[in-house]
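Multiple structures are listed underneath, in structure tokens.
The following pair of complexes shares a single chain, subunit A, combined with subunit B in the former and subunit C in the latter.
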Partner chain A sequence: MEILKIKKDDLSKGLDALKKSYRLFGPAKTESCHEFKRLEQDEQPDFNFSNTRLSPKAIIYPQSETMFTYSLDENDEDAHILKEVNSLDAPQAVIGIRPCDADAFLLVKRNFDAPDYKDPYWLNAYAKTTLVGLACEKPCPTCFCTTAGSGPFSERGVDILLADAGDDYLAKVITDKGSALAKAAGWDAPSDPDSATEEIERLKTAAEEKISSHVETDHLDKIDTTALHQAPFWEDTAFACINCGTCTFLCPTCWCFDIQDETCGAKGERLRNWDSCMFPIFTVHGTGHNPRGTKKQRVRQRFMHKLKYYVDKYEIGIQCVGCGRCIRSCPVNIDIRKICNLMNHYKPDTVEEPAS
Partner chain B sequence: MQNPYLPYPVRIDEIITETEDKNLKTFKFVFLNPEDEEKFAYRAGQFAELSIAGKGEIPIGIASSPTEKGFVMFTVNKVGLVSTHLHAMQVGDIMGIRGPLGNSYPWDVVKGKNLVIIGGGFAFTTLRSSIIYLLDPQNRADYGNIDVIYGARTPGMLLYRDELAEWEARDDINMHITVDGTDDPDWKYNTGFVPTIADQKAPPGDDDTYAIICGPPIMIKFTQPVLDRNAYAHDHIIMSLENRMKCGVGMCGRCNIGREFVCKDGPVFTLAELNKTPKEY
Partner chain C sequence: MLGYIDKIREIAKGILENNKVDMVIGFRQGTVPMMNEPCIIKRPEDVDNLVWDGNCGINLANYLPGRTEKIGVIAKGCDSRNIVNHIIENKINREQLYIIGVPCKGMTDRHKLAALAAGEIVAVEESANSVMIKGADFENTFPKHDVMQQNCLKCTHRNPVIYDALAVDLADEQTDIDRYADVRQIEELSVEAKQQHFTDLFAACIRCYACRNACPLCYCPTCFVDESRPQWLGKGQDAIDIHTFHFLRAFHCAGRCTDCGACERACPVGINMRTLTKKLEKDCADLYNWEAGLTLDTRPPLDMYDVGDSDAFIK
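Up next, the complex of A and B:
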């Protein structure tokens, strides 16, 4: 694994060079916060941020995307037959993605890249995307990545990891995709491997020490699913929730979607749109029966999916990278850390433990 | 990469109005590209997404049997957006079918066993597929006794009435047809709810007897105690679920019961399996 040294001035030069062959995305300041956006010819990413309000998932998994097109014009030979659309073919790169958000793509990939079915839209966009991570030196108080399987310097899911070392970035090139991007950017100055590794380790330890909040997950896989589902704390947990769906919308590891047809004149598209388990219509049958018709059932589904079903299904940990977005933006302060710990410590036959 | 969301184009070849209220119609489809029929190789108990450009898709159990060639058949209740549009379509119209989806009834497990098939209302579709499959000369010898308990509100609400009459006349299948009530003096079969008739007619449960149940939640709710009383083990009770679906391939996230997706890991589960999952169906 190679560690390059990129002078801060050379970063923008490299990015300008990259724009010839890549569509670039990076953090940009909006009125109230930072969001990932397409970087046009004269734009540079703004690295002066802790993390964006929305996760960057839309770059690979758009909020609304065309799956097929169709014609309803009877004169067309292919009327009523769905046609595949051309998929993204130019490479794209996200510059300055936080390690937790890059890791989130790996979690989500397990859903879209199943042994029996492959989602061509997600997988194609993922394959075309290079993730240039930016290690976190100042995590927020709501970040709990280190106990959620990720970390401020986590290399999981990133192709290159940039660490801010004062006048330079130390760029750890992790994958072939990463090295192709570095080459195209003209970043080729090697660093002294020993001192660079040491410097990154030092920064990493300092950053990890600043993570002040944690979740406990060691018992989640051992608790009986139906007992946990019946636990008394769901009522209280869900009490304040207004089912606004903000949590699932912002979350980098939420992937649920809806499919809808939209017709304009005689032409139309079959679209897929982000959806949310927080909405009653998500599960309501044509008959009106709804297996998750109450707020409690929906809140429970969100946490059980992330912290129990996913854990049992894939045996690689929770479906959460600890980015803290859902905690920061929930209008009624529902806190996944607290619920995770409640679940982890739940003992079906004993009195409920107080939240830690 | 095979796109699991792309339907095969089909033409509506025949439409049969099944019930007196005209709310249930059977649609026979023919594939526009003959090679798609081979790709659509299915087992009884699987379902497909019926896809209408401009309206959307609905998951519907496959009512034809894999032993019937040259067409696929579905029976659809008129409920909402897509099913209502489908009911207004004509023979010759073009639409799509995506599948086959789901796991099917466990034909390898029940091989050589006796089967009690219990159905109610319009949930008889995949049970028809199963019966046609079982009665096929190639397959009949592979299974033991077959009892069928099937009920609807009135005689005119029974599906596939001609076939029911044919099966009644055979001696290799025991039919127990019932209606909730009727004022037809010529009605020669049972009167009573499915669970009651099941209690009277279902053979006692044992290691070699499996029950397959498909019906509205209320029928399932009252049939289960009957099977318990008749000593059916929960891993010998097989059920098919209907959760709201979109993708049908385990990706869109809405149809789960616990970690299982009804669309991909189901729709068929044993009661023993369902006992281990949250009751979100």
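Up next, the complex of A and C:
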């Protein structure tokens, strides 16, 4: 694994060079926060941010994506035939993605790249995308990545990891995709490997020490699923929730979608749109029956999925990277840290104090 | 507003102890700054979990429809007006409720404070006239007036309009308020400029529907935006579909919206969709001399026909 040294000035030069062959995305300042956006010819990413309000998942998994187009015009020779749309063919790169968000792509890959089902849309976009991570030096007070299986210097999921070392970035090139991008950008100055490794370790330790929020997950796999499902705390936990889609739409690890046909005149598209387990109609059957008809059932589903079913199914931790977005943006303060700890410490046979 | 909590707890405790209610709906301390969490208190010994400050902007009337218990509910001016709406619309019975009225001094604007802060806010301290925010490497104090929710700045019904007990004496209402300056500004735009205005306004909308779901008026079992047979509007990120959602939702709130601001407060991307509901509020005031949720004695104008109704808009 190679560690390059990129002078801060050379970063933008390199990015300009990259724009010839890659579509670039990076954090940009909006009126009130930062969001990832396409970087046009004269634009550079703004690294003066903690994290973006929305996760960058839409770059690979758009909120609304056309899968097919069709025509209902009988005179059309292709009438009633679903036609595939041209999929993304140019390479793209996300510059300045936070390690938790890059990690999240690996996490959702388990869903889109399963042994028995491969999602062509997601996989194609993922294959075309290079992730240039930016290690976090100043984690937010609501970030709990280190106890959610990720971390401010996590190298999982990124192709290159940049660490801010004052006048330079130390760029750890992790994958072949990463080295191809570094080459195209003209970043080739090597660093002294020993001192660079040491410097990155030092920055990493300093950043990890700044993480002030944590979750406990060590018992989740041991608790009986049915008992947890029936735990008395769900009513109190779910009370405030208004069942909006904020938490799931902002979350880098939420992957659910809905498919809808939209017809305008004789032409139409088949779209897949993000969906949310918090929406009442998410589980409505064709008969009209809704197995998750109440708010409590929906809130419980979100947390049971992330913190129990996923844990049991994949045996690699929780379905959450600890980015803290759902905590920061939930309009009524439903806090996954609190609920994770409640679940982790739940003892089915002790009599629970009804929380209030 | 600070300091009301002792009285609120006392009232809540009393009605729980006397079994006047099965539960009290209020706010408990949030886990992050500027966010208190709506909660239910069922036991008298738990009333100390209740809090009251400038971060109680979510409208608690939203938690009432369909409940069958006897409920104590804490109500600011706007919440109480939405409770009136619910009673008129048969979403809850007056007899089920014990309303703990809280004369309100306005709620802090969490979006504005977040935008003013030079990082994530870790603590907020509120005093009678100012709000201080603290983060890892910043600390700022703002006059309360500058960081109050826009709707609260223009609020003329801070006092609850219906209540069984009061947390504090009724407050003076704000007078000489021009509620509709922002609406008039948009009304005066050309058609093209208006279109641009709304395109810009809703550009960041992610259709999470937090605005709709935070709204006490939006209680339909299945909202028109969610229906898919028939599909009243597209479900993707098409701008026209997004505008249609917002415009139609606002129309559904006509004559009912109390401008409590819960929608704007809830929006994760800070969109001011209230300009739409305010336009309809203004129309209801101009056409029917109507303000929503002030009385149980009159049906709202869009519920009924009166020969005297204005027909000036028929061209």
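Keep in mind that, in the parts below, the second predicted complex is superposed on the first by the 351 of 356 C-alpha atoms of A that agree within 3 Å, B and C clash if a C-alpha of one lies under 4 Å from a C-alpha of the other, contacts with A are read in each partner's own complex, and residues count from 1 in each chain.
Keep this in mind: a contact is a pair of C-beta atoms (placed from the backbone, for glycine too) under 8 Å apart; a residue touches a chain by one contact, two chains touch by 3 or more.
Model, not experiment: these values are computed from the prediction.
Undergrad: In the superposed arrangement, which partner chain does A:Thr283 touch: subunit B (first), subunit C (second), both, or neither?
TA: First partner only, subunit B.
Undergrad: Identify the partner contact of A:Gln260: answer first if only subunit B is touched, second if only subunit C is, both if each is, neither if none is.
TA: Both: A:Gln260 reaches subunit B and subunit C.
Undergrad: Tell me which partner A:Thr225 touches in the superposition: subunit B (first), subunit C (second), both or neither.
TA: First partner only.
Undergrad: Using the touch definition from the top, say if A:Ile334 reaches subunit B (first), subunit C (second), both or neither.
TA: second
Undergrad: Applying the touch criterion given at the start, work out whether A:Lys138 contacts subunit B, subunit C, both or neither, answering first, second, both or neither.
TA: The second partner, subunit C, only.
Undergrad: First (subunit B), second (subunit C), both or neither: which does A:Ala240 touch?
TA: Only subunit C is touched by A:Ala240; subunit B is not.
Undergrad: So, does A:Gln92 touch the first partner subunit B, the second partner subunit C, both, or neither?
TA: neither
Undergrad: Once the shared chain is lined up, is A:Phe249 touching subunit B (first), subunit C (second), both, or neither of them?
TA: second
Undergrad: Could you give the residue numbers on subunit A that contact subunit B in one complex and subunit C in the other?
TA: Comparing the two interfaces on subunit A, one with subunit B and one with subunit C, the shared residues are 258, 260.
Undergrad: Enumerate the contact residues on subunit B facing subunit A in the complex.
TA: 1-7, 9, 32, 51-57, 79-80, 83, 93-96, 217, 242-244, 246-247, 249-259, 264, 275-278, 280-281
Undergrad: Where on subunit A is subunit C touching in the complex?
TA: 30-33, 50, 53-54, 63-64, 138, 140-142, 236, 239-240, 242-246, 249-250, 258, 260, 262, 271, 273, 276, 279-281, 327-335, 337-338, 354, 356
Undergrad: For subunit C, which residues count as touching subunit A in their complex?
TA: By the definition above, subunit C touches subunit A via 28, 30-32, 35-43, 46, 49, 58, 62-63, 111, 114-115, 119-120, 122, 136, 204, 206-210, 212-214, 222, 226, 228, 231, 234-238, 265-270.
Undergrad: Over in the complex, which subunit A residues touch subunit B? Could you list them?
TA: Listed in rising order, the residues of subunit A that touch subunit B are 67-68, 70, 72, 79-82, 84, 111-112, 114, 116-120, 123-124, 225-226, 229, 255-261, 263, 268, 270, 275, 277, 282-287, 289, 291-292, 297, 301, 304-305, 308-310, 312-313.
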